[in-house]
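Look at the two complexes coming up: chain A is in both, with chain B in one and chain C in the other.
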Partner chain A sequence: MNSAITDTEAQGQDITAQSGRFWVVTYLAITGLVLLLMMVFGLLMRLAQAGWLAIDPSLFYEIMTVHGVGMVGIASLGGVAVMWHFLARYVSLRAGVLAINLVLFLVGVVAMLAADFIGGFAAAWTFLYPLPAVSGSVWPAWSAELHLFGLLLVGVGFLLICLEVGRALIAEYGGLGRALGWHKLFFNSDDNVPPPAAVAAAMVVIVDTPALIAGAAVIVMSLVNLFAPTIAINPLLAKNLIYFFGHVIINATIYMAVIAVYELLPRITGRKWKTTRVFLAAWTLSTTMVLVIYPHHLLMDFVMPTWAMMLGQVLSYINSFPVLVVTGLGALAILHRSGIRWDLVSTLLFISIFGWMAGVVPAVIDATVVVNSVMHNTLWVPGHFHFYLLLGLLPMIFAVMIHLARNEDVTPRGGDLTAILYLLFGLIFVIMFLAGGWASVPRRWAVHLEQWQIWDKVASVMAAGVIVIATIFVVMFLARIPGMLRQK
Partner chain B sequence: MNVQSVTALVTTLVVLVIVVVFINIRRHAHEAREYAPVQGTAYRYRAILFWVMIVVGLPITVYLLRDLPYATAATAPEVVNATGSQWNWDLDKEEFTTGQIVEFNVTSTDVNHGFGLYDQNGTLLAQTQAMPGYINRLTYQFTTPGTYKVMCLEYCGLVHHDMILDLTVADGNGGSNE
Partner chain C sequence: MGIDRQVAIAASLIALALIPPVAAWLESGLVSHLFGQYPLLLGGGALIGSAAARRHPCGWSAAPALLAGLLALAFWLIPRWIDAALADTAANTAKVISLVLLAGLPLGWGWQQAGGVLRGFVWANVASMLAVMGWLQLSVPSRLCNSYLQSEQAVYGRLLVAAALLMVVGAGAMALLGFRMGQKPKDGQGPAPPKHRLDRQG
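== the complex of A and B ==
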């Protein structure tokens, strides 16, 4: 903080901090509520697959589409809230961008809900060209156009967030390379070394900006094709754009949320998390890797160049290093024999590190081509992404919610039984997906063969448990909102 | 053991190791120690883990690149056109014999589909994408007689879950199908 700050500037910063807090709390409240609804949709899907609930396949696929895009949306919204909340103490952020993004987000969401549940659009969150336009006469073109337009609005909103965060980082550190700590990493300079929160935010800006632009491009191309069907797109190009966009966007949500680990574990344990050169090297490696490994989603597109597929596999293996070796081990070291008493916030963060580290394992293994041959597009795929989203990302967001509900007092209080139950229900739920993948059950099937349904039935029970616990966390947060907003 | 079982086993073992580490951290967290020696030990583990992953992991991943499904057969295979459409599979032939090397030329007339070849036990044997305007060539040699299925593995709309085709494979030695 600049010591030459005037009274007016200090007042301005207080107002900014206050309005930033208002939007962070609003973002987390919306994240919590939409999350619970999306979880219920997920439960309905598993119940249908279990044969316990009769849902028309057209409705199943609409629910599947809303669940996918809704979860990606709130993962991003919640991630932005966590990132903004902690980053704001290091750089000067303009809270007005949060307001603009939220408007675009909500309009986009309403558009997609109308397109999907009223229009019947059900091309999944991946909107893989040419499915939105070629539905076999199931949904009208207007529903595809409305859904894609809504998604475009949401994407533009997040792009504005990226640009604002990038601007703030550049203003504070002098450049994105400096925000990634390259002056420390390569030249061992200790001049204004960015804290972990800023390094993570820099990574997110650098990767999400091209990803959102690619996503916007393929959405606009799809819209052009919808309005003028004679203008076709190369489907392989479209698939590359979609999976580059999707892979980066969903990975970036964890990179935003993990800032909670870097910020809260030191406060809870009294031990520092320093920006070392190893830490910076890991984050620079992650930044590069996340941009180039999306071909691991296209390993079964045999027409892709073989070198791209081989790199997709090898780089996916290397991409596990920063998570497992640096962030995971670093978090465990901070906690090990730290003298802390486990409570809800510390246990949720502890679980989140486990979810992320363990969740990487089935993902990396599936990125092996010979494994992908028999596990791609089976339930193994939702198995691995639910592992690190349900058990990695969400506990990070819940931890911040509870932390804010406690007015940021890290003194341990109460038990952590709800967190342990969340882990147990969530882990068995995830294992049922992985078991389905082992059993070759295809993903995205509305109707399952009888021999697959045992996995679906156990998963349904576990999902219900997860929803109950998640509701407890969200209600704990919502109940304390008035107090949070009064805090400076 | 098939690929799926090896995958599940390796995943389980590695995740179990992670679980054991986490339980250990959990149990000892309240026993306060100075951070510097803890951090020193962590850095040593980190270095060991890093080098083990490099020395063991990288050769494994390079080794696993030796057997990719992208190459077409060296000896002249039987070429079978396999076309996905909303919502059925259309193959030049649906009866094969063991020992025959088949090259499925997979494409689509409309949206992306997934050509998933399953054996009689419901185990996925091989797959490739069916993309409009492209041909993905999947080479496979049936070794066991019986009824196989092609199931769609790329979400393609309303009847994605019912795009199933039976293939029969007879014993190539001239014996019975049993």
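== the complex of A and C ==
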């Protein structure tokens, strides 16, 4: 993994992928702006729980719904931008699909915003049956229908992205199996071995496509139920489909964004990230397991088959580790004695690996049945997913934004203190969630008791800090957009 | 497969679906009607459409043709019209003509000319909607077709869900093994390969 890059490979890496650059920049600009908006929504909720801001509970749950679905959607959009930007160096992608996806995404988002803030829909991103249709007159049926229709449009857009990436990988490598490097993994063949970016992209296509199909099915079923309430859905079936869909989609965002680590760290250190058989085995294992471990979201559903629960718990222990270990150790191997001079991009990438690895720990703890039965409905759960999204996923996306804003020049330019401040604010922010969960503070409550509010107050201050630093990153990117688009 | 042979097979499939004793037997049960006669008529039309597309390619028409074909098929999947086709000869004739010419033919025409993304998109949508249809057949507390028993409806619903799962698993296996969903771009068509690939080949 530490061998020097050959001239040809370095030349290949230096080539800027022209195709889709406009759309990648547009995607990242929208990602940055929407992220900030969603962060502000999150801050408003923490301020309300802290007792520092009076928000009507109905509005709180509307904000919570928008924040949840908005963050999943924008994490996907940002992940697609990162994946596309780097993957376009290895396979032929058609940028028109990015445009179609963006149109569907924006129309879907507008529909959901109208449904939630005008219609009052507030059933959270999970839209669990039968809540959309049985709101107790809190929201009208049309708002639930509009929200689900918007979500369907967003899903259709991402399906097109998966199909285009899959098509390109099959055209280049001869199949998604070969794009996962199975010919090297199982037969030790060195013929057209895919780079890490292609391996990760293949994994995303394989897991996201069935998840989106399942998501479309359950959304349409929910719509049918809204239009014809006598046609009931088996609640357990609906929950399984929704969590299969949601679990895979949010996991895939990190698998898209981690491509930034595989592509940028080698450029920064001048060392190649090799596609070894261990690396390929890890990705194949995670590809399989991410599809089957979603029952760890349903550990409180006692009617679930025992084998599914066991699968959910046991495989949750294993699922994340293969890719995490090869990514974490790979990064350390590349960095060790590389003479790296830390700057904003490299520090953000290193933080992202830490955030991803450390964020998985509370997730795995929560995937244990005896823990889950106590902790599942507490702030522990938002604690774990904020950990690896705020400190794992987002630093990867910010690193790519800054990298592009610097015209893809990896010469160190400082700024690492800003990244460390982001880590500090973010870490304390997520620890407040975990501490609240540890103290059995319930999640999804608009109003908190006074004795719970110490964690909310500290979290609010830290959230404000995160937003300030994130704004700096986004502004750095937005200010350089004209230059980025002019770049050859 | 030669075009003439393709058309001959298409004619055979349609004829088989319409031979009076066979047609009567197929229409006697919901499952045999929709999983037997419908595919024969659709398959026959699709083979003709595919043969026509090979002779007179027209790339832009793939998506509209697929959409038109799916809409025509969806119409004849509505229980009201399944019943009508069984009760009325004119409606049955309209069903046969529609399934061959308005559903099968455009589906074959469009599929032949569609690229990988469009084919995948149609495949994924059909799979998810088959699952929804299956759920509907199983969830609706009453008979949807007056002409068939509710027990048949339940079998039909399960088969639809199974078909959806098979479509997903089958497409996944083909994609893993490298079966091309779309046509290979001809020389000079499609996006240019990345430069690094040319370097490697050189």
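In this text, the second predicted complex is superposed on the first by the 467 of 488 C-alpha atoms of A that agree within 3 Å, B and C clash if a C-alpha of one lies under 4 Å from a C-alpha of the other, contacts with A are read in each partner's own complex, and residues count from 1 in each chain.
Please note the rule applied: contacts are C-beta pairs under 8 Å (C-beta built on N, C-alpha and C of every residue); 3 or more make two chains touch, one makes a residue touch a chain.
Since the model is a prediction, treat every value here as computed from it, not as a measurement.
Since both structures carry chain A, what do chain B and chain C do when superposed there: clash or fit?
After superposition on chain A, which the two structures share, chain B sits beside chain C with no clash.
Would you check which partner chain A:300 touches, where first means chain B only, second means chain C only, and both and neither mean what they say?
In the superposition, A:300 contacts chain B only.
Looking at the overlay, what does A:434 touch: chain B (first), chain C (second), both, or neither?
It touches chain B, and chain C stays clear.
Name the contact category of A:271: first (chain B only), second (chain C only), both, or neither.
The first partner, chain B, only.
For A:125, using the defined touch cut-off, is the partner it touches chain B, chain C, both, or neither? Pick first, second, both or neither.
neither
Tell me the contact category for A:177 with respect to chain B and chain C: first, second, both or neither.
The second partner, chain C, only.
Just chain B (first), just chain C (second), both, or neither: which does A:84 touch?
Neither: A:84 stays clear of chain B and chain C.
Examine A:338 and indicate which partner it touches, taking first as chain B and second as chain C; both and neither are also allowed.
A:338: touches chain B, not chain C.
For the overlaid complexes, name the partner, chain B or chain C, with more touching residues on chain A.
Touching more of chain A: B.
Taking the superposed arrangement, what is the smallest distance in Å from a C-alpha atom of chain B to one of chain C?
Here the least C-alpha separation of chain B and chain C stands at 14 Å.
Between chain B and chain C, which residues of chain A are contacted by each of them?
Common to the two interfaces on chain A: residues 234.
Mind listing the chain A positions that touch chain B in their complex?
Its residues touching chain B are 57-58, 61, 122-124, 126, 128, 130-131, 134-136, 138, 234-236, 239, 271, 278, 300-303, 306, 309-310, 313-314, 317, 320-321, 324-326, 329-330, 332-342, 350, 354, 357-358, 361-362, 365-366, 368-371, 373-378, 380, 434-435, 437-440, 442-449, 451.
Which bits of chain C are touching chain A when the two form their complex?
Checking each residue of chain C against chain A gives 115-117, 120-121, 124-125, 127-129, 131-132, 135-136, 139-141, 164, 168, 172, 175-182, 184-185, 190-197, 199-200.
Over in the complex, which chain B residues touch chain A? Could you list them?
Touching chain A: residues 2-5, 7-8, 10-11, 14-15, 18-19, 21-22, 25-26, 28-33, 35, 38-39, 41-42, 45-46, 49-50, 53, 57-58, 61-62, 64-65, 67-70, 86-87, 110-112, 114, 116, 118, 122-129, 131-138, 151-162 of chain B.
Quick check: in the complex, which residue numbers of chain A touch chain C?
That would be residues 8-9, 11-13, 15, 17, 19, 88-94, 97, 159-160, 163-164, 166-167, 170-178, 205-206, 209-210, 212-214, 216-217, 220-221, 224, 230-234, 237 of chain A.
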